[in-house]
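Before I ask anything, here is the structure I am working with.
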Amino acid sequence: MLYREALNKAIDEAMEIDKSVVILGEDVGRYGGSYRVSEGLFAKYGKERVIDTPIAELSIVGNAIGMAIAGLRPVAEIMTVNFSLLALDQIINHASKFRYMSGGKLAIPLTVRMPGGVSRQLAAQHSESYETIYASIPGLIVFAASNPNYAYHALKKAIFLNDPVIFLEHELLYNEEGEVDFNEDLDPFKAKVVKEGEDITVISYLKMVKDSLKAIEKIEKSLNITCELIDLNSLRPLDMQTIANSIKKTKRAVIVEEDHKSGGYGAEVCARICEELFYELDAPVLRIAGEDVPIPYNRKLELASIPTPDKITAKIISWAKENGV
Amino acid sequence: MNSARVKEFYYLMKLGREFEIRAKEEYMKGNIAGFLHLDIGQEAVSVGSMKAFMKGDVFTHYREHVLAIARGMDPKLVMAELFGKREGVSKGKGGSMHLFEPKLSFYGGDAIVGGHLPIAVGCAYARKIQGENAGVFAIFGDGASNSGAFFESINIAAAWKLPIIFFLENNYYAIGTHISWVSPFVELYNKVKNYMPAVRINGMDVCEVYEEVMRAKNYIENGLGPYFIEAECYRYEGHSMSDSGQYRSKEELEIFKSKDPIENLRKKALKDGLVEESFFKEADRKAQMEVEEAVQFALRASEPEISELYEDLFCKECSNVVS
Amino acid sequence: MNSARVKEFYYLMKLGREFEIRAKEEYMKGNIAGFLHLDIGQEAVSVGSMKAFMKGDVFTHYREHVLAIARGMDPKLVMAELFGKREGVSKGKGGSMHLFEPKLSFYGGDAIVGGHLPIAVGCAYARKIQGENAGVFAIFGDGASNSGAFFESINIAAAWKLPIIFFLENNYYAIGTHISWVSPFVELYNKVKNYMPAVRINGMDVCEVYEEVMRAKNYIENGLGPYFIEAECYRYEGHSMSDSGQYRSKEELEIFKSKDPIENLRKKALKDGLVEESFFKEADRKAQMEVEEAVQFALRASEPEISELYEDLFCKECSNVVS
Amino acid sequence: MLYREALNKAIDEAMEIDKSVVILGEDVGRYGGSYRVSEGLFAKYGKERVIDTPIAELSIVGNAIGMAIAGLRPVAEIMTVNFSLLALDQIINHASKFRYMSGGKLAIPLTVRMPGGVSRQLAAQHSESYETIYASIPGLIVFAASNPNYAYHALKKAIFLNDPVIFLEHELLYNEEGEVDFNEDLDPFKAKVVKEGEDITVISYLKMVKDSLKAIEKIEKSLNITCELIDLNSLRPLDMQTIANSIKKTKRAVIVEEDHKSGGYGAEVCARICEELFYELDAPVLRIAGEDVPIPYNRKLELASIPTPDKITAKIISWAKENGV
């Protein structure tokens, strides 16, 4: 099943189960969603529950909050994560705080889906990763789906949580194929050990999980070691338990993210590791991340601005050598 | 207006006024802190609108104590919230600007100017598809009417014919900024009259407010789409306790004080022989007493425990994971 | 319209059309990537407006190749930018959606819908206080007219009587969303006609566009404040290369194709005896040639070096510190 | 001179020197600014250069960008940092990227001033610290003023930089008194060693510098050690040199920030230290930060949600003991 199909199925089933689930966003209805995630839902559930909105992101999320207050379970789509900045006041000043500032009287069962990341030559205004923003906000839950199985289970669970969830998707994953185990009772808050290993813990999320896996194959051969790969899945809260278990074994950690390095989400992961597992570490944590520039249009520069399997491989190998792995 | 209505309006406005006067005093004493926005002068809007719009959902900005009380919130719980006490409507976590009570469908106290409008519109959408025709009432200021959130809301509500009353309190000022500096016209219903029925009324007259909101309520209940009311009014105090309001002339203030909604209702009711003098005396006394009780309640109410810091952040399911 | 003008309009529109057709081909070949928004069908707007508004500052959205060319940007540099080459107007860092050339006062290619409007308004403010009366031209789509940014811009420009022309290309669609689903009316000048002079014109007729923009230009140059033009038009292609445009009926497309701005200008000029047939043949050939040269230039142009990744991020002073 | 007076003087002098400097924001003109920072400027420079705007933050920054493109040097004020979320699309998608995406053709000499932090019982929608957001954006410069001297110099320099600067101020500092050395040629990008010491490096910014200083007095007495205190001043770029010099000496670092801990700005500082100075460290880096909740109104809870001198003292002492200082 494709990633986008898994997302579609999660929404479809949620809408089937519960009439209060509605979806809204630009072109989510008749058009089927710009990445085809909501394909078929308009025909199936009608225009009251599958809502084509104007280009007004502040209102997309604001309206969704109002729907949530009224008892619906809205799933809002922001066409690209960049545009979510227009909705950020609603997400942060409203959705994330309403339960708290009402002394627990309001619940905001809201899911906001956002495709993001560096796709292919979409340039500076369409190629960002704002997980560092969302994961820094108390009151939000942030999930990041790297594969169809997690996408399906986590989205469906997110829709039925009674708190606001930011659901991050990566534009280059929509057409990725992967198995979905419909019988699994997946805990969306838990990180997943994608591959076990003994010598280095590689921590990643979204598209970089795939790229890290490719890198790991080469690294293992080249250094004759084994690497453990963790897919974070949930960025807020962060599943430190899974990370700690791994690092206690490997003594070394690498974080791979597509986000710009300075102030990127990896900083928080790195800080947590250094605070909590300092005495376990045999080497400094390595952060592999995007460069600190807006994403350029030219393909060569674009690729130079983000981690690729080759760069991940090279960086880990040289860091491993420097630190005596 | 029959005598019972007038009495009700008078009492609520008076109660609101006394509440605000007392809140100001308690602020000076240090029992209330933060931003405190008083509604003094604008009680006709708060009471007239809430008494007309009894059923649907109400979304307000931060100048909302009197709206909350007129909606039926116990002044004790409001005062306790201002005092930051656990018994307050928002458990002391919200304060003056954030009075929420879903039982009263009162989603009050958003302190991001214009920020509650898209939320109100979303609620109206939900009500429409849920088949509940009471709809939504959203109140905001002249300052809010310059924000993108406002315009998006007007456009969407009109495009989708949503059951919502937009109620603009035009008191001419956004803190120290006069509306004429930042809008091409001062009669703000011009902003939306191509989108929906839009009227301008005297917001110092509780009966006029009440009647217009009743009209609007009927309109939206009949599924005709949104309705817009601009009420001219005035706040006698500064924007909040940290503003002395010096940017306004004494004359301007006096003009509006001469239209005082409480005083004028009393005069008119007496002149028309609708209500006897003794009622007002008694009402004034009762209002003061009720506020006194609210203050006593708030004083005696309890401080939250530090352990409550992490409560009310998430639903149970998420709390279990996050902590 | 005199013959020289008609020839100029025709040539530029044709050049624009050929440019876009070729850009599409080059996209298929893989020489251009990312989002490519073609202007085919809307050339009258791009050419008519740019030829009328020659002096002031121009702020555009992402569907801007033809606007840029009509403004005077060398098609070679535009094509090279689409190819992501260092010789492109934005050194290959911007691409199709981001064509900037301060020398032409062309601040083109903002890809956040509505995002360039507050920027254009700020520029108009600056021009006003700098005493430069040429003002600003800001072009955007029907979809943008639902955004908060749009409404804030209208309000501010009107409140401060700024010299700015708001030019709305109403091609009825924002990607796959028809304007009638998301706006209470389809004639979008209704949104602003209480704020400023606002007209609706036929955007398929280059002369009409030209004349209306001239009128608007005179208006703003005289310090009378902003002016709003809605031009009805249509894009023949999908929204971008990743959209097939299937949501539209063949009939609808045919209706607009029958009003094709280039073809109709030619027919009319011939009928009126303003321009001889031979001109058109020659112009068509020349346009094709110019586009061919642009493609050849782009093909031969150079790839940026990796070392350029950190260039153009900061001014020299800041660069020294940051690196 | 008061902090707000220092800011006022910086703007005043910049306006005096260069006619292209203009200021804009809500109530900055006739009212003099809600924290009185622009007092007197309207009378002095007139309404064309001191612009009272509507409540439309997106436009305040968007308009300022347009002014910058037209050759002005706008100084925009956002009344409280929370409201800057409404302007974030303009700040990030536009101001921070325009120079780059135009291949260096555009310059955006823009300063955006924002008061923020936890003041006194202003509750969840008026008490945030978004330095983690701003400091994560390539193309932005982020300064944070903890005292009148830096406020004066850095703001004046920021106004004359040809790139967008986010200038963070703290609401509880406006009435702080401090000396301003007008002859100093201050480098706004450099961190400052506020106090020298040998055993622990304490890194902070904004109001927490003052609170850390108070804590340090007690800690030094209690543990009979000395602490070095660094005021970061510039959050982006981060002056790692000054940090490194100190840590090489002390071998131990503490970061004190008011921001929420998870994903707070301190994460980046901590990560940089752990990556670059790992082998210098004798103890895990300690992050002292705000709690991960929206800021509550009640004073007791509000104080419980942020670091105070007492809490800083207690946390450092217990951490020092655990890690054998």
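A, B, C and D are the chain letters, set down in written order, and residue numbers restart from 1 in every chain.
Note that a residue touches a chain if its C-beta (ideal position, glycine included) is under 8 Å from a C-beta of that chain, and two chains touch if they have at least 3 such contacts.
Since the model is a prediction, treat every value here as computed from it, not as a measurement.
Asker: Identify the chain pair with more contacting C-beta pairs: B-D or A-B.
Answerer: A-B
Asker: Determine, using the mean of C-alpha atoms as each chain's centre, which chain is farthest from chain C.
Answerer: B
Asker: Whole-Å distance, chain B centre to chain C centre, using C-alpha means?
Answerer: Computed value for the inter-centroid distance: 46 Å.
Asker: Using mean C-alpha positions as chain centres, tell me how far chain A is from chain D in Å, no decimals.
Answerer: That pair's centroid distance is 29 Å.
Asker: Rounded to a whole Å, what is the gap between the Cα centroids of chain B and chain D?
Answerer: Whole-Å distance between the two chain centres: 36.
Asker: Please compute the C-alpha centroid of chain A, do the same for chain B, then give the distance between them in whole Å.
Answerer: Inter-chain centre distance comes to 40 Å.
Asker: Can you list the chain C residues in contact with two or more other chains?
Answerer: Residue numbers touching two or more other chains: 90, 92-94, 98, 110, 112, 146-149, 152, 155-156, 159, 181-183, 313.
Asker: Which chain A residues reach two or more other chains?
Answerer: 53-54, 56, 58-59, 82-83, 86, 89, 93, 100-101, 123-125, 138-139, 291, 293-294, 296-297
Asker: Can you tell me which positions in chain C touch chain A when the two form their complex?
Answerer: The touching residues are 33-35, 84-85, 90, 92-98, 110-114, 143-144, 146-148, 174-177, 181-183, 247, 303-304, 306, 308-310, 313.
Asker: Considering the complex alone, what residue numbers of chain A touch chain C?
Answerer: My answer: residues 26-27, 30-31, 34, 52-56, 58-59, 82-83, 86, 120-126, 291, 293-294, 296-301, 304-305.
Asker: Would you mind writing out the residues of chain C in touch with chain D in their complex?
Answerer: Spelled out, the residues of chain C in touch with chain D are 57, 59, 88-94, 98, 100-102, 107, 110, 112, 115, 117-127, 129-130, 148-149, 152-153, 155-156, 159, 311-315, 317-318, 321-322.
Asker: Please give the residue numbers of chain B that touch chain C in the complex, ascending.
Answerer: Its residues touching chain C are 146-152, 155-156, 158-159, 181-185, 190-191, 193-196.
Asker: In the complex formed with chain C, which residues of chain D make contact?
Answerer: 22, 48-49, 51, 53-54, 56, 58-59, 61-72, 74, 89-90, 93-94, 98-107, 138-139, 141, 161-163, 189, 237
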